[in-house]
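Chains: A, B, C, D, E, F, G, H, I, J, K and L, in written order; residue numbering restarts at 1 for each.
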Amino acid sequence: MNIIIINGPNLNLLGKRETAIYGQGNFEDYFKLLKVKYPNIQLEYYQSNVEGEIVNKLHEVGFTYDGIVLNAAAYTHTSIAIADAVKAISTHVVEVHISNVFSREDFRHVSMMGPAVKGSISGFGLDSYRLAIESFLKS
Amino acid sequence: MNIIIINGPNLNLLGKRETAIYGQGNFEDYFKLLKVKYPNIQLEYYQSNVEGEIVNKLHEVGFTYDGIVLNAAAYTHTSIAIADAVKAISTHVVEVHISNVFSREDFRHVSMMGPAVKGSISGFGLDSYRLAIESFLKS
Amino acid sequence: MNIIIINGPNLNLLGKRETAIYGQGNFEDYFKLLKVKYPNIQLEYYQSNVEGEIVNKLHEVGFTYDGIVLNAAAYTHTSIAIADAVKAISTHVVEVHISNVFSREDFRHVSMMGPAVKGSISGFGLDSYRLAIESFLKS
Amino acid sequence: MNIIIINGPNLNLLGKRETAIYGQGNFEDYFKLLKVKYPNIQLEYYQSNVEGEIVNKLHEVGFTYDGIVLNAAAYTHTSIAIADAVKAISTHVVEVHISNVFSREDFRHVSMMGPAVKGSISGFGLDSYRLAIESFLKS
Amino acid sequence: MNIIIINGPNLNLLGKRETAIYGQGNFEDYFKLLKVKYPNIQLEYYQSNVEGEIVNKLHEVGFTYDGIVLNAAAYTHTSIAIADAVKAISTHVVEVHISNVFSREDFRHVSMMGPAVKGSISGFGLDSYRLAIESFLKS
Amino acid sequence: MNIIIINGPNLNLLGKRETAIYGQGNFEDYFKLLKVKYPNIQLEYYQSNVEGEIVNKLHEVGFTYDGIVLNAAAYTHTSIAIADAVKAISTHVVEVHISNVFSREDFRHVSMMGPAVKGSISGFGLDSYRLAIESFLKS
Amino acid sequence: MNIIIINGPNLNLLGKRETAIYGQGNFEDYFKLLKVKYPNIQLEYYQSNVEGEIVNKLHEVGFTYDGIVLNAAAYTHTSIAIADAVKAISTHVVEVHISNVFSREDFRHVSMMGPAVKGSISGFGLDSYRLAIESFLKS
Amino acid sequence: MNIIIINGPNLNLLGKRETAIYGQGNFEDYFKLLKVKYPNIQLEYYQSNVEGEIVNKLHEVGFTYDGIVLNAAAYTHTSIAIADAVKAISTHVVEVHISNVFSREDFRHVSMMGPAVKGSISGFGLDSYRLAIESFLKS
Amino acid sequence: MNIIIINGPNLNLLGKRETAIYGQGNFEDYFKLLKVKYPNIQLEYYQSNVEGEIVNKLHEVGFTYDGIVLNAAAYTHTSIAIADAVKAISTHVVEVHISNVFSREDFRHVSMMGPAVKGSISGFGLDSYRLAIESFLKS
Amino acid sequence: MNIIIINGPNLNLLGKRETAIYGQGNFEDYFKLLKVKYPNIQLEYYQSNVEGEIVNKLHEVGFTYDGIVLNAAAYTHTSIAIADAVKAISTHVVEVHISNVFSREDFRHVSMMGPAVKGSISGFGLDSYRLAIESFLKS
Amino acid sequence: MNIIIINGPNLNLLGKRETAIYGQGNFEDYFKLLKVKYPNIQLEYYQSNVEGEIVNKLHEVGFTYDGIVLNAAAYTHTSIAIADAVKAISTHVVEVHISNVFSREDFRHVSMMGPAVKGSISGFGLDSYRLAIESFLKS
Amino acid sequence: MNIIIINGPNLNLLGKRETAIYGQGNFEDYFKLLKVKYPNIQLEYYQSNVEGEIVNKLHEVGFTYDGIVLNAAAYTHTSIAIADAVKAISTHVVEVHISNVFSREDFRHVSMMGPAVKGSISGFGLDSYRLAIESFLKS
């Protein structure tokens, strides 16, 4: 089983950026822990700050992988292009957010991803990613 | 560890109601499976169609339980009273939805619960409840 | 043939309340006249001021009765829970209003019931109920 | 007793047009059945696709007839002119719709007729017309 | 000097219609008084309930007359077609209203005519027409 | 003279709930002080988390009591049912809020109670209730 | 007969200010012509850039003068205070605008004066003032 | 193959009206050129300023012609009646505009025709009509 | 203890102005009664129709007085300047309204004062002022 | 004559993606047919999922090519950057859409391209591209 | 070279008012420093809390001074009168704000001054004034 | 001291593009002049049309440079990603615009950058950049 985590803009600064909201851990360390926890899943990680590159990556993996965990970050709220890509591919996409987007600015309450993804998980800090992976496993 | 699942209006009809959206299983059967899966958690289940009774139940359990899984259903989108109750208590509440609310009617895109809960999980069918319980466990 | 009339909040005060809008007759007297007029229909009457109790009643009668005449009153404009209940059951529901809601306050122009019911009748005073019953008879 | 049914734009295509929404019967056949059903009422029928001609007809009949059954169709949602005509005349007007306008496009949820008519009936298919006629009879 | 007064829908009922708002005089009588008052002006009067016929009339007179006094009535608030006609012709058009449209329903506060006409006069009862004619005279 | 104080949802948690906003006193203690301060008034207290039960209570007391002090809490902003009840009864109702609702979330700026009550008092902490009682006394 | 013309902010710059919109004449010269044209009317003129001073002047003249011609200029679109003053006095007020406000910026399409004045005249350049005076004369 | 071009209000003034926007050619001359260019197509032309007559014409041709080229002009933005007619008939309709409606007033950005037509072409001047005819030919 | 009552625009006309809404008493008489009722409070009264003068007065008294009772009248709904002044000073300000603003025009439902004042009292007629003074006394 | 077709995000998946909406042909095959059909035009094709790369390409070709056919896909509705680029260059741009955007989601009804392009063509499937090329040819 | 700084309401309290937002320096001291820094510019300072007096001052200086630095404070967001004055005069006006208005309340995001001024500078504390003066100097 | 100027989309065309709005100088020439004017500042320049590359550059310089001058151009109004990057870094960012964005299209009045930057300067043509640099110097 192969699953890819795709992170959007500014998530490469995790641990350096607004730590009151996003926590102090960086994503690379967390990702290592995830790989240890799920030895039987082939876990991959991709990050880009460029909207179109996220579209490219979704096209690349979206017909062969078993699952995609997508934190589109800022693009969540504005990108029809990424939402269209999610709808265009056949692999299921689960939307993930670290913070509770509904307790932040108004413009973060809108999700272009919403109608396109299979499900969404938000507000659990980095643990949101683990729950997303769990969602691809048999219950 | 004791966790309660609180279901809002019309969820007692699960399995009978709009099965294209909500699936064919009823909640009681699913709940039995959950209890088998998590033998070490004291799992409880409560359902009411009355907004104020859900407020009452939150008050009753909200200072002593370890976790609350709340599917406020229709009240998710309109009830300030339930959201205020969630903020008033000390136990963490995780919001759960069976369907992907963002791919349904516009009025279901608004969540009064949003800013009050710890996190939210939606779109995974009944499996959303399992993921919510997972969120209370150590990762 | 059995038909139930379900009245929402404050309709128990009919004849006492804002008689310029709602008329001077109380509903109990009118209901007796209806029973006389339709001796072959088993007519029932239920009133509650509690949103969730109306949901409960709809669940209770909604799979066996031949028709439901619903005046959700104030809840017409706000209750997703009742609308969801109407959609969840199999008996047809006809929406009824005593006054012409469109010539009153703006917030009464919105009907959450609208998309869920079979049809709706408003503005004919208490006679709206008779027309609703007529709608269940063969034309 | 004389009552006129006035139908607005495109209703002349009934039975040919979007039959999933409007049904398969044409209005002329239905009108003949109505005349049979109500032998003591002098029933008339008028249809026009022109907004101003409907205004003209309302002026013509609106001070002498006993009742007007109006399905303004598309003009329901935009015509202040017809609504003004309804208010300008002395005969009571009952608004009728074949389909449940609230389960269709957003722009059909607005009714300019609403505040002007005596009452309104919608969603019962062609049977809406019969109920409108019933509303003019003694209960 | 030739000036035409063009009246829109329902103004043919003046004196019969909502006399609390529009007054008790009918327009024909008032028009005779105007002709007496302005013997040197060739005054004409046209009324139609059909939006497109008002467009036709504007085309017909709009390149040769010295002035047009237009009370588009209900079409004031919705008709882009009449506004386009006003802009398409070369004769100046003065907009007139009998009542103060701003103290009535919200939908009467919007004027499609506004940006197209030379000036507008409202709220003076039938006297608004006289003031409009005055506006075409040398001050 | 008999006056009843009716408190809405979550106000039973006063002193336990968000004390930064609502203060640290519980309502029962405060109510005892009020009774001492106004020995000549028959003061009563009712609290419910259920919207419809507040409607019921208003019906029960609303034709015989001398005054009603209503803090509808969360229902202030959404309940047409309670507002309709306030309009349906004959006893004057004074709206009360502990906090300054206008310096809180946007959805708390809307008051359905507003047009129905005699007057409203907000922002004085528990002292708002005393001022409401004062309003029923001769100045 | 005494009539006062009250001009609002920036109208003292007439003839110096945005002459493409407001024309090249200054108001003082125009006012002299008006006095010549209406020798039997006691015409007065007042201008202020201060909202509250316009309110003061309306109070001062509003119970004894025969007519007020008000061009509130920028305050037309924002001043509830002036509109309240217009409603508070007994003399009729006619609203006047030099330019056609509907062919300018959106924020000039709103008139707070609208519902308070007797009538309004706009778009005729300085001639709007003459027409306003005409409106106070017998037709 | 027979195709009809239907033009809406004010397009009869083409060449006389706002030539900066609509160009200087009149439609009759252009239509002759089109007939020369497409000798094998039976081209017809109809123009009306009356909304309902356009509905009538659509009904008349809409079940037998091979194609309809519709420039509803001002009615594009307001007419549900014409849009309903387009949906009611079986012949494909192509929407055409001479100017680029999106670089004009806001109210021209809304198209009621949009969801009803097969496709739309705008901004190419009179050449938009030729492209619409091309769309009916084999590519 | 010194408290000042500051009244905004048009309140100097109290007793002369729209007496159906504001009552028939003038403020000066009422103020004398207040002084008699509270002999131990140094009560002062200020009224201005000029927004900026109210700002000036707030600055003047806002660092030394014990309380300010402010009825900003029309400026309540539009004045950021007064609201900023209220926030800038150290004395507590209580907002007062004579009428129930929520049962009047929509634009009176917005209060710029709301988030800046300590509390607000409205709808009790002139008695609102007494209650505001009470709010500054020990309960 | 050289013309370039620029396709935006996800159009590289044509034939694989939501074929019910976009058809089953891929663009490369269609492009070959176009080149055969127009042997005298130097046709080029560019696709990118990156908004800024489309801006780059427009800059590169926008001062020397004879025509640009642009299907900005998802960026149509959000990209001010591409619209600014279209305005910044001298070559005419024709906007193209495969599907009828007005019969899809609301957010696809807004076109940032609208005011910047020469004309637009939508709803004809891949044939929209041919019509765009036709628009650059002499009529 | 003569430049005037015009400050709007509440800026006279600088150093006393909400120092967390506006800083602790008062404007008079800062103004002295500016005069020292720019000995060759004739710098003047004016402050008023009255909207209309700011209009008066703009008229007085607006045809002879070389530059105006305007901090309209609260009036920035509501005053069409001041914006009209800025447009009416010939001297360039530069808008200045001490705080970053975009990180404060929503109603401070709207600037009526915006379209009227030459440029605007905000967020640099008192240093915004220095930058505004710099903007009038040769670069 | 090192400061970087970051320019967003289409600013590479400065001097070629819409010169009526943006002026005729290109940025490279202007930048040379800036370097001459500020010999003690290490000035750098970066331009990209790709939103995500601007994010990348902000990450790269945002923890070590002394100042960032950002003209995000079209992305100013839509990019949450760039705004998030501005908030994520530690170097202060000053927002710059060449034209007065408030006197242009509505969609340019919204600034996503607003709440994230230290200050903003707009409307001074290329001189806006000089003023931004001045803001980083001691006053």
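As a convention for this text, a contact is a pair of C-beta atoms (placed from the backbone, for glycine too) under 8 Å apart; a residue touches a chain by one contact, two chains touch by 3 or more.
Just so it is clear, the model here is predicted, and its values are computed rather than measured.
Shared contact partners of chain D and chain I are absent; no chain touches both. Separation of chain B from chain H in touch steps, taking the shortest path, is 3.
Interface note: chain H and chain J, two copies of one sequence, contact each other through mostly matching residue numbers (shared numbers exceed half of all numbers used).
Which listed pair repeats H-J comes down to matching contact pairs by residue number; over half match for C-D among C-D, G-I or E-H. Across G-I and C-D, it is C-D that has more C-beta pairs touching. One finds 23 Å separating the Cα centroids of chain K and chain L. Mean C-alpha position of chain C lies 62 Å from that of chain K.
Chain centres here are Cα averages; for chain I and chain J they lie 62 Å apart.
Each of the following residues of chain I touches two or more other chains: 50-53, 78. Contacts between chains, counted with the stated touch criterion, involve the pairs A-B, A-J, A-L, B-C, B-F, C-D, C-F, D-E, D-H, E-G, E-H, F-I, G-I, G-K, H-J, I-K, J-L, K-L. Across the interface of their complex, chain K is touched by residues 50-53, 55-56, 59, 63, 78-81, 83-85, 87-88, 112 of chain I. Note for the complex: chain E touches chain D at residues 8-10, 12-13, 16-18, 48-53, 73-75, 77-78, 107-108. Within the complex formed with chain H, the residues of chain J that make contact are 37, 100-103, 109, 111, 114-115, 117-124, 127-128, 130-131, 134-135, 139.
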